[in-house]
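Below are two complexes that have chain A in common, paired first with chain B and then with chain C.
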Partner chain A sequence: MMMNASVKKGILGLALVIPSFLILFFVVIVPIVYAIRESLIDENGSGFGLANYIRLFTEPTMRKNIIYTLNVTIVSTLLSLVISYSLAVYLRFGHGWVVKWINRLYFIPMFVPGVIATYGLITMYGNHGWLSRLLLLIGIDTFPKIIYDYNGLVLANLWFNIPFATMLLSSALAAVPNSVIESARDAGANIGQLFFRFVLPLSYKTMWVAITFIFMGVIGSFTAPFLIGANSPQVLGVAMQQVFSNYQETHTASAMAVLMFLLCSVMGYFYIRTMGKEG
Partner chain B sequence: MFNKAKMSMLLILGLCLAMGLAGCGGKSATEAASASSNSSTPSTEISLYTGGSLNVKELWETLIPAFEQANPTIKVKLVYLPSGTGGQSALDRLLAAKQSGQANVDVDLYEGSLDDISKGNKNGIWAKLDTTGVPNLNNIDASVLKQVDDMAVPYRASSVVLAYNSQNVPNPPKTADELYDWIRQHPGKFAYNDPSTGGAGSSFVTTAIYNFLPAEDMNSSDPAIAQKWDQGFNLLKELGPSMYQQGVYPKKNQGTLDLLANGEVDMVPAWSDMALEQTSKQLLPDTTKLTQISPAFTGGPSYLMVPEMSTKKEAAQKLLDYVLTPEAQTIVVNKMYGYPGIKWDLMSKELQDKFASVSASYRQFNGGDLQQEIYKRWQTDVAGQ
Partner chain C sequence: MKWYVQALGKRKVVEFLLLIVFVVFFLGPLLNLLILAVSGKWQYPAALPQSWSLQWWQFVLSQDDVLQSISLSFLIATVVTVCSIIVCVPAAYAFARISFPLSKWFLFSFLLTHAFPKMGLYVSIAVLFYKFGLMNTFVGIVLIHMVNTLMYMTWIPASAFRSVHQAQEESARDVGAGPLRVFWKITFPMAFPGIMVASIFTFLASLDEAQGTLLVGIPDFKTMPIIMYSIIADYPNTTGAVFSVILTLPTVILLVAARKFVSADVLSGGFQVK
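Take a look at the complex of A and B:
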């Protein structure tokens, strides 16, 4: 009887897992295997091989695109992280009406659709945008090139990623007990020591969650770079779309997708390793 | 990446489901149609497959009721496939039906491009048209029909033209060389869109390259022609620093029109129908004017074809005949801001005057896969210079 019950339980457990496994299998694993297979078929020939990948790294345009994407992604991730961390710390330990209002307002950008936000950025920071017109009023007639440039792209990434990262970090910081901070302060710790000795270690894991999410969001972004990025070099998302729909080179596009997947899995490796620790 | 893959797979699953459901719907609809045709008034239902932007759908929603009123025995079912969602698959279906030896298809009229005609011609899926079935074919320029071997009816057209701010440009360029000089003399005041994202920029790039080549090369898809592109690409490279912000090429046809609308540039290549529509809707300032240069930018008609396997050719030809009447063409011109498919002198004087600035002829580029080669080389040579 005992055996029977545990076997039943086992079957029930399997039955419960099967649907999610099937979904995972068909919507994640099969497409990945398919994409890898596609990427190995030589675009110019018919045989299997690494030709598409070799071209990705040897064609100057494509190589520039890859370096540019990594550059934009890493810079955007670091900037977003620094700003969100400062904001979260400020919101956690600051007082007064400013904190209250920022707390209510900072996540609004998350509810604005990407295309609309991008057009908003163009209207605001464009060559003849609101900002340049305001500056003109006070006599400044030189305006840096933001839209259609690297700066605009980083700016858009900050706009999209800061609210979510701040939200994540805020919830982690909420778990830092006041007593810890207060006693450390009493013992004479300065702000730097407070942050690096107490706040950072206590929210370390969440920081990795935030980094992973920002990194993956930025590296795969399309809308903002398509509308406000430079024509060349392009980020991988835009270049992939161009190769896929305009040049109709599906195998090269697959190789780019697999490359992007590999870049993300490096990030995923660090993420899982951090999560696994003291877990 | 995981999320992306998940999302796209879910989308595909959703689409499959929707297609399955639509398939069921289609079946019951045809059953209903055959049921109604058995009743007292014998009527034929023809299916018209069309695609493109929303304005194409709106055009047909105006033309079809007018046609059905004049021909009460014919019902037209409009199958509109928004651009990028499966227009290609309708053509693929026709090709597959032909190859698998099916006797008939439910596509009775198909709207497509020159490319679609040649693709279908290879497999013989389009029916030949003549004036006994469609008397109004006489309204069309004979040379245009000859180009498509009488397999298709060009019922509307548009072309790329120069759109400019007449306040800042009192004397617009008349030739391509004058245009290039104007760009050099007015740095930052001209923009064309990334050619792979829209036809206006594509036409600017293509004509800049082929102006150095014999005229007949535009109709050839011979890869050897690509060897002769250097001069054109050098010109585009040289013009790069004189472009908007020393070489910014906005995305999509609308990207450059936006720059013209807010006054950042004074001149852009644009589709005639887009520019005319936006001027009339006040999206572009009143000072916006259009002109065609010589040699002209490219453009092209949109064609209607009757599949050889259609069982209702007679009814389909009636609709074709109606579309080619001056009355229907007036609707086409007014709704789409496009050019009529029939000869201009059959149209009203008023319309002729309205389009006088842009109705000068245009060229057609029919280079097949070479188009993609141009985009690719533009991306490395011009954008990445």
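Take a look at the complex of A and C:
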């Protein structure tokens, strides 16, 4: 039997993709399906149902954790995005040695191991940490509580996510032609108009990429909140680990994981939809 | 004219402040660890150590489990990187150049590695590994590390392959080069920066991975980050700082060595799937 060229190509494509997909299937897809199944088994009895999920939303501490996680995630995502956008615009349209240096340095945090960065943040911002000592030099002797608090968590998220988002946005802004901006400026557009009329539409897609990956990274994060977060309320990543290892409630822990997965899936849906559009 | 000079001056001051804030915020914590690692005595409220010393380096480097963890971590990271390249780069090429059924579907499925919370995923993987006898095995560790690397290793090279101009490949083919020769002489060299960056990401992600290793590798596989957790908990600050510097060193060396490949465009192309 003769195969035509496109069928042959299709088979070759599939053959090249299958090995990596098999690993993905074994270490990601099967475990996800397993976790979803676990989450539907009632912690206190037998039988399938939504009992674990109902408990997540009715138990006061759990509800507080969920709201707290959403709060940290949304605030961190928006702050990272605003700061990264400003930084990327500055790096794209500014000149001089400051731009050059920031351009060289902003990659570093992306490659620093998470545990190390978190540890550095603790020694820097902790009670009697380096920053409080440096501020003492210029006569400031009151220092807010940052580590083991909401602020510290948001701070750590900014540290981890701003470089990544700045990188994405800079690369998108590199594609904005100088002539567009110059002619708009000649026509008398101010910075706000320039941003919303030209810069934002041309980098809109990339912005969604940044939002999606920051959101997914922050909502399920464990290392930073585990080391610098407050004891209560906790973010879901830490709460889930404790429910699992301290109370051995696997079904509840799975339900928490699936809940986070559902929230990420919403972001993932928008991401795929944005990517699917041409242009 | 005077207004212009004043405005320029103000602008320079603002820019300088921006650089200070940037450096303090992003590099301050790392610099702090570096100073802490070579300090002898550093008590509040001194802004710099009262005495300098390398005694904790001696202590850390004389611990057997520390040295073992370093070689183990490098071995695992190397194996993970090689396996990821072998498995993912062909897939990346297929995504970029071959149209086959469900290709978009396969491509986006790698997003799942980042969409499900890691901790939950690792717990489920541990259950699965238990059934297959992969707990506390080298293969198990490599597989759990690959959870983090599959997406980078597929998406970034795919974007790199996509950015190679097909016209160049075609003209090579026109002068009589076979498909394999075209791949090795034209396509691969041009996509090399993307593959390189993805490999660095993979290597560092494996070196950095702690939670999965902790769940699956107990009790025999003590990698660097796992030793780091116990050092943070059990020893004085300086020890943690020394170990942080040791753990960050490979990152710095790799980044300096590969700095001409690491660019915003190569990396961010990988996250914008087309």
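Keep in mind that, in the parts below, the second predicted complex is superposed on the first by the 248 of 279 C-alpha atoms of A that agree within 3 Å, B and C clash if a C-alpha of one lies under 4 Å from a C-alpha of the other, contacts with A are read in each partner's own complex, and residues count from 1 in each chain.
We take it that contacts are C-beta pairs under 8 Å (C-beta built on N, C-alpha and C of every residue); 3 or more make two chains touch, one makes a residue touch a chain.
A quick note: this is a predicted structure, and the numbers were derived from the prediction, not measured.
Once chain A of one complex is fitted onto chain A of the other, the partner contacts of A:F107 are limited to chain C, with no touch recorded for chain B.
Of the two partner chains placed by superposition, chain B and chain C are both touched by A:V27. In the superposition on chain A, no contact is made by A:L50 with either chain B or chain C. After overlaying the two complexes on the shared chain, residue contacts for A:G220 are found with chain B and with chain C alike. Put chain B and chain C next to each other and count what each touches on chain A; the higher total goes to C.
In the superposition on chain A, contact is made by A:L121 with chain C only, not with chain B.
By the document's definition of touching, of the two partners only chain C reaches A:K9; chain B does not. In the superposition on chain A, contact of A:P19 is made with chain C only, not with chain B. With both structures placed on the common chain, the touch criterion links A:T250 to chain C but leaves chain B unconnected. With both structures placed on the common chain, the touch criterion links A:M260 to chain B and to chain C.
Applying the stated touch rule to the two superposed structures, the overlap between the chain B and chain C interfaces on chain A comprises residues 26-28, 31-32, 128, 216, 220, 227, 260-261, 264-265. Chain C makes touch with chain A in their complex at residues 15-16, 18-19, 22-30, 32-33, 36, 44-47, 87-88, 90-91, 93-95, 98-101, 103-104, 106, 108-121, 123-125, 127-128, 143-144, 146-147, 150, 154, 200, 204, 207-208, 210-211, 225, 228-229, 232, 237, 240-241, 244, 247-248, 251, 254-255, 262, 264-265, 267-269, 271-274. Put simply, chain A touches chain C in their complex at residues 6, 9-14, 16-17, 19-21, 23-24, 26-32, 34-35, 38, 90, 94, 96, 98, 101-102, 105-109, 111-117, 119-121, 123-125, 128-131, 133-134, 136-137, 159, 162-163, 167-168, 170-172, 174, 205-206, 209, 213, 216-217, 219-220, 222-223, 227, 236-237, 240-241, 244, 250, 253-254, 256-258, 260-261, 264-265, 267-268, 271-272, 275-276.
Within the complex formed with chain B, the residues of chain A that make contact are 26-28, 31-32, 60-61, 64, 126-128, 145, 148, 216, 220, 226-227, 230-233, 242, 246-248, 260-261, 264-265. Every residue of chain B that touches chain A in the complex is listed here, in rising order: 1-6, 8-10, 13, 194, 196, 245, 247-251, 262-264, 372, 375-376, 379-380, 383-384.
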